[in-house]
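Structure below; questions to follow.
Letters are used for the chains, namely A, B, C and D, taken in the order the chains are written, and counting of residues starts over at 1 for each.
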C-alpha cells in the first residue's frame, strides 16, 4: 500500500453516516474510494453539486457537471445543484461536516498553510480559506515530509490559510491531533515506529505511553 | 371619477415599457388597472413573484400564489418565482424601477412617513423601508388630505419610513415633485384650482406661473 | 434517508422557550400542520421569527391566539389585531424589522456572516441604538445575524433525503430559514422517492434538513 | 421581449477598460461565444472579475492569452501558468480573493449591501490593510462590494424575456453576477418562447437581463 493510499484509507474512517463532506482536489479526493458503499454520505464539490459521484462512462460526460478541478464527474440520485453563494453559505455557515485538504505545512498551534509558496507558487486560495474557516471538522491529508523536509513544524513559515486550528492531521506515518496543549500523537502508520515519526517531524509532539498502529481494514 | 381613480390613472402614466414595478397594497394596487394592455411591464409582489397578474377565476385560486396582502392573484407568462432574499435583493440593489406606496405624511424634504401612528396604529413597516430606500423611483399615491387634515406638511410628525427623498407625490388634487428647492407643484387635479391645493397643503409649495391640469385619458 | 414524522412527534422535539424560525408570508408557505401540533401540545414561551403573524385564527396567528409566543421578531403585524393587543398589554414582546433586513439577518445567521450592512432604516426608529459602519464614504446600519433553535419550513414537495422544492409565492422566507437553525423540520405537501426531484429543481438541499413530516394526504 | 444578438454585436457594446463580471468555474458555465467575440474584436484593458482564469487557450484563459486583461480579481490562477507569467512580469495585476468572499462581495454589490463581514481571511495576508468590525465580541473582516460595468453570463436556456435557467455545476457565479452589473448580457445554449420555463425554474428573472445572445445551434 503506497503512502497516499494509507492516508486516504485512514481519513475515510473519519467519515460518518449522513455527513456532508468536501474533498480537496488531488490526494483528498481519493478518500471517497474508501468510504463503505453502504454508508450514505454526500460529497460536495464547491463548484456546485451536493452528491458528487464517480467518473462518468466514456462518451457520457456532461461538460456542465465537473468537480472543482474541472474533471468530469457524475451525481448520485438525490443530488442537488447549488450556486457559489449557496456552496459557500454551506461552508461558511457551518453546514459542512468535514473537509479534507492537502497541506504544505501545519504547525504546533494546528495552523495550516496550503495555498502559496511566496516567489515560487501563487495559485490562489480558491475555496481553501473558507473551507478551513468554516467546516465543522478540518482534516489535513498529506505526506509526512516533503523530500525529507518536515511539513509538521513549530511555526508555519508559509502564509497561513486560516487562524482556525485544524481538527486532525493524517499522514502515512501518523495521525496527529492538535489540542490546547499542542500536537498529540494518536496513531502510528503501518510498521512505523514512534522514533521514525519524531525524526520526520520538526514540531514538538505529545507522545503518550502507548501509540496504537492505524487499523486499515 | 372618484379620488382614488384619479390618483391611480395619473400614477399609471409614470409606468414605462419594460419596467419592473412594485405596487403597495390598497390604492397603489389599482394602478395596474390603468396601464395600457400593450405595454410590457412586470409587476413584482415582494412576497415572491415577478409578473403578477389579475385575480384568478373563481375556483381556480392557488393558495400558493398571492399578492403581498394575501389576496389570490395569477401570474403572467414569463413570470418568475423569487424568494424573499431575491425579492429584497432586487429592491435594495436598485433593480426595481418604480414603487408606488401609500402615505400618511410627506414633508418639504420629500420624506415619507407611512408605517405607523404612535399609540394608535403599529402595523410594522413590512417592506416599505426597503422599498423607499432602494427603488429607483418612489411614487407616493395618496388622497391629498385626511378628513381635512393636510398630509403634505412642513416636517413629518410621524416616524419616517426612510431618509430618502421620494420622487413624486400624486394625489387627486395635485402632482408634486420634491426638489432641492422644495416641493414643486407640477399639475392640478381635474377641475382643481391652485388656491384649493394651497389651502389643503400645510407645506410650502413652489408654484410656477402656469400649472397644467392632469390629462387623464 | 429520513423517517417521516407525525406532526405531534415533531412538536414534541421543541422545548419551551425555543427560538423558532417559521416560514410563510401571511400563511402562504407556512408549516400549517406543525403549527397545529404546537397549539395542540400547548408548550410555549417561544420566540418566533417570521415575516408576520398572519391573522387571528390562521397560520402563525394560532400560536399568538394560544399565547405560546413570548416574543416575535417580524416585519408586519398590521393584519393581526390580537398580536397588537397582546403587545400593548405587555404580554408579547414585538421587535419590528424591515422585511429586507429581516431576511438578510437570517441569511447572515445561516451562511456564517457577521452581520448585514444596509441603508434601510437609516434615520428612522429602526436605527436607534444600532452601530453604523462607513464604507467608502457611505453610512450603513450594522444589523446582527439571527439564528433559531428550530426552523419550521413549509415546502411543496421533498424526496426521502430531504431535498425541498417550493412553489410560486410559497418560497418567501423558507429557503433562507432552512439554513439558519440548529434543527430544521420540513413540512412538505408531497414526499417522493429519491431521484424524482432533478438536482436543478432543489432549492434546499436535503443535507440541511433534519426531519420531514409525513405526506399531507 | 428582447432581440437575439450575434456575439460580435454584443462584444461591440463593451468599451476598452470595462469591468467585466464573467461567470464560470474552470470554464464550466462560462459565456464561451462572448469570450471568443471579445478576442476577435481585440479591444482590451479589461478588469475581469471571475472565479478563475481557466487554462491557457481555454475559456477566460483566451482573454489572458490575447492580453486583453489589465487586472483580474479571482480566487484561483493555479491552472493557468500564463496568468502567473503575466502577473510576475508586471503586465497583469492580480487580486486574489477567497472564493466564498468573492461571491459574497459580488452579491453585496448586486443586492445593495454595504459590504461583507466574514471571518474568512482573518490572520492571513488577505486581511492586510482591511478594516475589521466587531460584532458581539467576534471579529470579522469588512470586505467591500464588487460591481461590474457588464456581466457576461452563461446559461443553459432562456426565454424571450430573458428568464434564465442554469444546470448542475454550470450555475457557479452566474446567478450572483447577473445581479451586480450595469448591463447584463446572457449567453444561453437554447432560447425558448415565453411560458416554456416554469416560474419556479427561473434562477435569474428576465428583468435583470439586458441582452440575449442568439441560440447556440
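By definition in this document, a residue touches a chain if its C-beta (ideal position, glycine included) is under 8 Å from a C-beta of that chain, and two chains touch if they have at least 3 such contacts.
In UniProt terms the chains read A, B = Acetate CoA/acetoacetate CoA-transferase beta subunit; C, D = Acetate CoA/acetoacetate CoA-transferase alpha subunit.
In this text the structure is predicted, and so the values were computed from the model without any measurement.
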item	value
Neighbouring chains shared between chain B and chain D, ordered by label	C
Comparison of A-C and B-C (more C-beta pairs in contact)	B-C
Chain A-chain D separation of Cα centroids, rounded to whole Å	29
Length of the line joining the C-alpha centres of chain A and chain C, rounded to whole Å	35
Whole-Å gap separating chain A and chain B, where each centre is the average of the chain's CA atoms	55
Residue numbers of chain D (touch at least two other chains)	104, 107, 111-113, 118-119, 166-168, 199-200
Contacts with 2+ other chains: residues of chain A	49, 75, 81-82, 85, 88, 92, 134
Which chain pairs touch, all of them	A-C, A-D, B-C, B-D, C-D
Touching residues (chain side chain B, partner chain C) in the complex	45-49, 62-66, 68-70, 75, 81-85, 87-88, 91-92, 121-130, 133-134, 159-163
List of chain B residues in touch with chain D within their complex	20, 40, 42, 49-51, 75, 77-82, 85-86, 88-95, 134
Residues of chain C touching chain D in the complex	104, 108, 111-119, 133, 135-136, 138, 140, 142, 144-145, 165-168, 199-201
Residues of chain D defined as touching chain A within the complex	25-29, 51-52, 74-79, 84, 87, 96, 98-101, 103-104, 107, 118-126, 156, 166-176, 203
Residue ranges of chain C touching chain A (in the complex, touch as defined)	1, 107, 110-113, 159-161, 163, 179-180, 194-195, 199-200, 202, 205-208
